[in-house]
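To start, the structure under review is shown below, and the notes come after it.
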Amino acid sequence: MQAKIRVGVVGGTGYTGVELLRLLSQHSFVDLVVITSGAEAGIPVGEFFPSLGERVPLRFSPRDSVELGTCDLVFFATPNGVAMRAVPELLAGGCRVIDLAADFRLTDSAVWAQWYGEPHACPELLAEAVYGLPEINRERISSARLVANPGCYPTAVALALLPLVESGVMALDSLIADCKSGYSGAGRQASIGLLAGEISESFKAYAVSGHRHQPEIEQTLRSVSGAATLQMTFVPHLVPMVRGIHATCYGRLIAPAELQTLYEQRYQSEVFVDVLPAGAYPETRHVRGANQCRLAVHQLSDDRVVVLSVIDNLVKGAAGQALQNMNLMFGLPETEGLQQVALVP
Amino acid sequence: MQAKIRVGVVGGTGYTGVELLRLLSQHSFVDLVVITSGAEAGIPVGEFFPSLGERVPLRFSPRDSVELGTCDLVFFATPNGVAMRAVPELLAGGCRVIDLAADFRLTDSAVWAQWYGEPHACPELLAEAVYGLPEINRERISSARLVANPGCYPTAVALALLPLVESGVMALDSLIADCKSGYSGAGRQASIGLLAGEISESFKAYAVSGHRHQPEIEQTLRSVSGAATLQMTFVPHLVPMVRGIHATCYGRLIAPAELQTLYEQRYQSEVFVDVLPAGAYPETRHVRGANQCRLAVHQLSDDRVVVLSVIDNLVKGAAGQALQNMNLMFGLPETEGLQQVALVP
Amino acid sequence: MQAKIRVGVVGGTGYTGVELLRLLSQHSFVDLVVITSGAEAGIPVGEFFPSLGERVPLRFSPRDSVELGTCDLVFFATPNGVAMRAVPELLAGGCRVIDLAADFRLTDSAVWAQWYGEPHACPELLAEAVYGLPEINRERISSARLVANPGCYPTAVALALLPLVESGVMALDSLIADCKSGYSGAGRQASIGLLAGEISESFKAYAVSGHRHQPEIEQTLRSVSGAATLQMTFVPHLVPMVRGIHATCYGRLIAPAELQTLYEQRYQSEVFVDVLPAGAYPETRHVRGANQCRLAVHQLSDDRVVVLSVIDNLVKGAAGQALQNMNLMFGLPETEGLQQVALVP
Amino acid sequence: MQAKIRVGVVGGTGYTGVELLRLLSQHSFVDLVVITSGAEAGIPVGEFFPSLGERVPLRFSPRDSVELGTCDLVFFATPNGVAMRAVPELLAGGCRVIDLAADFRLTDSAVWAQWYGEPHACPELLAEAVYGLPEINRERISSARLVANPGCYPTAVALALLPLVESGVMALDSLIADCKSGYSGAGRQASIGLLAGEISESFKAYAVSGHRHQPEIEQTLRSVSGAATLQMTFVPHLVPMVRGIHATCYGRLIAPAELQTLYEQRYQSEVFVDVLPAGAYPETRHVRGANQCRLAVHQLSDDRVVVLSVIDNLVKGAAGQALQNMNLMFGLPETEGLQQVALVP
């Protein structure tokens, strides 16, 4: 019989945190031993998140709880910049780590510092950290001590473009990702800009001049294309709904390709990526609560391609993918604890 | 090892249907053998409901599929008036039946005919049918051939009022249930009144002059109160959200009572009913996708009481409760397949 | 030709404030001379509220702007407790005042202090202040120096119940107001509880144990009933929509009455109150952006009555009613600047 | 004193129809004499659309009402293919016409037939019809007998791209318009796909393989660029909100340009087009209910440009623009009846 994984969670009070707890609490091989929160220490988790109820019978521990060091695996569901200060000690003590924030996503510490506004606290770990997109790094994830869980937009866009970029049929300077996200992606902070009165019944773009997910996407696509440089246009938008990301990706072909076949073959053994029939329209509701990416390819003319990609930003775009990585790291079936059917309607 | 239950579903193309399939497809002891639909016969279920994907690898069968007769249990997720025409034959053939519509909810065929606008097709079965609210009929459900799954409003209201009515502390002529439901409760029919452009960003009451759930609630409360007559005021409203029912129930006490204790004791062994601390506010989101009722009691003065009750109308108010009844009928743990954590946010 | 009214607004950065500015900027006889905001002083109003654009070509002035003293009329769209500290000086200087907050709504300073948590700063003005519900106080408003603009719930509930209470046909101890409000009523403050991620797609009650609008409603109904005491049950709920209040009011008749006629006669000359046909269902969307209350009466049995009432909480429930009061105070047609048609869909 | 325009409306029961009636009923120089509806003939308009209430004291007339022929101006707010069958007779009788549908938007009858699936009924009028985008055709509209009111997407995209295309700085084969629309744009028909239960809380693309607004946009941009051919990529998406269009337009510069200046100069005298500061983010809520387009230009690199454009699809994208055209046709101030401030929140 499989021994349970002793799991700790740092920072479980945001939307990514509660989603991670939802999934961990339903995983057959997880023993959830500690959940820390600086602000909520002492509060029962099930009181803070009534949806979890009796399913997570713990109280939030202080941020520096020594129990973290006793875990086989620690998840960080914290703001950027927190994990990098705590991870070296945990790794040294024998824990493995999955960071759901951005601290270990970029391999170049100078680029990281530029986008995140401070020097990296442990740049020596950036080379070791494995980018946790199983569809490209499955083997490396399995043996990793430290996994950088991908961002939500980067997951949706990378899965949309991988087959085109890997196969070399794409003009790398033609890539545009016009992305749309529900507001749970903006987190759970008390700010005027996230009030229901401000963002419901409205639509807008943001961060056109530069979003931190852009270098992350470019790094991923560069790594699979072999190109030294690759610059894409990335425009995120805020959709008045809770969950879901829709990426509409544009590009130009430089070589003829049987696109539908290309996609179906690339993802034929990927259980969490569904390639829809050519010309279909994936909808975000069809992956709500599920660890799934749904893709459809549209060839508009000889050279113009549009790829549509949807995920639940909190599942395949965050907590679900983190469990997928955990399953790989601990030799479990990749689908363990991740077979929830989407909640429709 | 538990043998699987051979299950058939009649009419799986509405919102109750897809929710039933979502839950059945994740239940460890269910073998889903046939799903019928007059209109969609031949269509793969996973194409009609992309959220189900590969999880339900069947095609819709014609309405009169003979495979239904081979099932241990047949669910009807059909409009009112369909089940009563097919159930006698299925029962005669040895199937057991759970009807998620209203055909067997009222014990008096004359009352049924009055509210549903036609004579009942098999009034002789009304006495045998068991009203499937486990919190009052657990034993009878276990041995039932035919279970009438309660309506969504009746579930929310009955669970809110049972302790008060059973204990005799309530003035039975003082009961008011002001109820609010998300629009998935109105079903999946092409009608102007259900368009997003008509019901989003708006709130209204409906059916004040008489809703079919009213005699159902009154029947339940009469049965536990022993009173010959009991008439309540029931006003349903439409909330611009997909899922969830909130019942706000008002009444007058005729005897002093320790209400919080009364509720906690009444439901202490009910795993799907949570009694919140006195004065709390249940929110529908905290049960989204979960088979749970959350209740809070507010005593406003010596005699005025308000009870707040929330359920997911498609789960504890329909498909989830149907699985709970199935578990009871087939000797399974009552929570089997029903431990999904609510989807928040 | 009518001279323009010199108008000042104190505290124009909340939802009530921007709605007031929307309406004032379209009023033919208003000269908007100063808008103050402690936090936003110096910022162009049209930059802070892009919807106003060029229509309000002012910058926010500091809170203590001397220009306020030069106005014919000053509106307070501030949090509770602000107006009462500034009003005496403005009145002394010859300004007239409409307070959209609660400082002058209750006539009894002890009751005010109990509900608002501090002693009243100018209790001597409570007797002079006129409660600005034109449907009961039109004459007094016309000559008032100081008008207390009613709360949103109190407007919806009072208009729903006035005919029954004034005519003496109602059991005054039977009154229940089950009210539902969109979230713009909760204001524009950075708080977790008002995030879109928290309140969209969910429904809940709040403040059951006591809401500040309850004594306000009771005071109004007492004043028209002549009863020394009157206690109602008032339960507010939060609806996942931006605008709109729906009050569902319950009561028992103590004398026979022709209710539809009673309502139609009571409101026959009220241009902003529509009595719908008996048994109709008012919807909040039909008054979105309009200064209108729509009512429908349902008699359920010999003695049970339900009255449904909808308003836009920011218009007839706040800023629109304030302009209606201004029109009365300055001898303008009551409908001046208030004939916007509701925005549907 | 200006004589009133005798106005008729054909087909006033959809969302464009009710918006047109909302605006016409508030216009000082309109005498609304007849509103036809095949299905609703005889029904009071204010009963069908309670938001209009007493403001439109007419009943729907039969489709072939002779009163249409007595009008100075007839608006068609009908499905595509209706106006072209009735317009020749109306013009012959001396009426002028504004068609809010697509019958007269394309100048080439063969292209029209290809996209709309039938031969055009009066191709001889296509050359005379003036495309009703005042920002390019103001003079011609003033003297037109027949105005083709632009589509909603075409309005948002054309206004976004006009300065770039007119000035010749744009690579015409690089144009992409990724557009997002609220669901009121899909009309008011009883179809499953428009149910609140299907489209709320979800996001999807549609019509990627070809949308009727694409040839319309291309025709407009060709006409101002002088290019013989111009093909753009156009991908529309459905946003879970009622009103609003957001166009995100991408392109490559072929010549250096001072973009912000270019836009500000191009639109400096256009009262209904606001050019925001460089790098700003227009939001659809800021034009809700208003006849306004808000634009912002983002230059991402030497040659990559993104232009963001928002309108209310029912106002500047339909009924508001129709009134703007009417004002031009009848020599009224262009802003008459169109100065509503956006409804925020």
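A few points about this structure:
Going in written order, the chains are labelled A, B, C and D, and every chain counts its residues from 1.
As a convention for this text, a residue touches a chain if its C-beta (ideal position, glycine included) is under 8 Å from a C-beta of that chain, and two chains touch if they have at least 3 such contacts.
Values in this document were obtained by computation on a predicted structure and should not be read as measured data.
More C-beta pairs touch across one of A-C and A-B than the other; that pair is A-B.
Once the centre of each chain is set as its mean CA position, subunit A and subunit C turn out to be 46 Å apart. Taking the mean of the C-alpha atoms as each chain's centre, subunit B and subunit C sit 40 Å apart. Between the CA-based centres of subunit A and subunit B the separation comes to 37 Å, rounded to the whole angstrom. Residue numbers of subunit A whose C-beta contacts span two or more other chains: 15, 184, 197-198, 200-201, 240-243, 283, 285-286, 288, 345. In terms of which chains touch, the assembly is arranged so that all chains touch all other chains. For subunit B in complex with subunit D, the touching residues are 15, 183-184, 186, 188-192, 194-201, 240-242.
If you check the complex, the residues on subunit B that touch subunit A are 15, 18, 22, 25-26, 49-53, 55, 184, 188, 201, 242-243, 274, 283, 285-290, 292, 294, 339-345. Listed in rising order, the residues of subunit A touching subunit D in the complex are 176, 178, 180, 182, 197-198, 200-206, 208-209, 231, 233, 235, 237, 239-244, 246, 248, 250, 279, 281-286, 288, 298, 300-301, 304, 306, 308, 310, 345.
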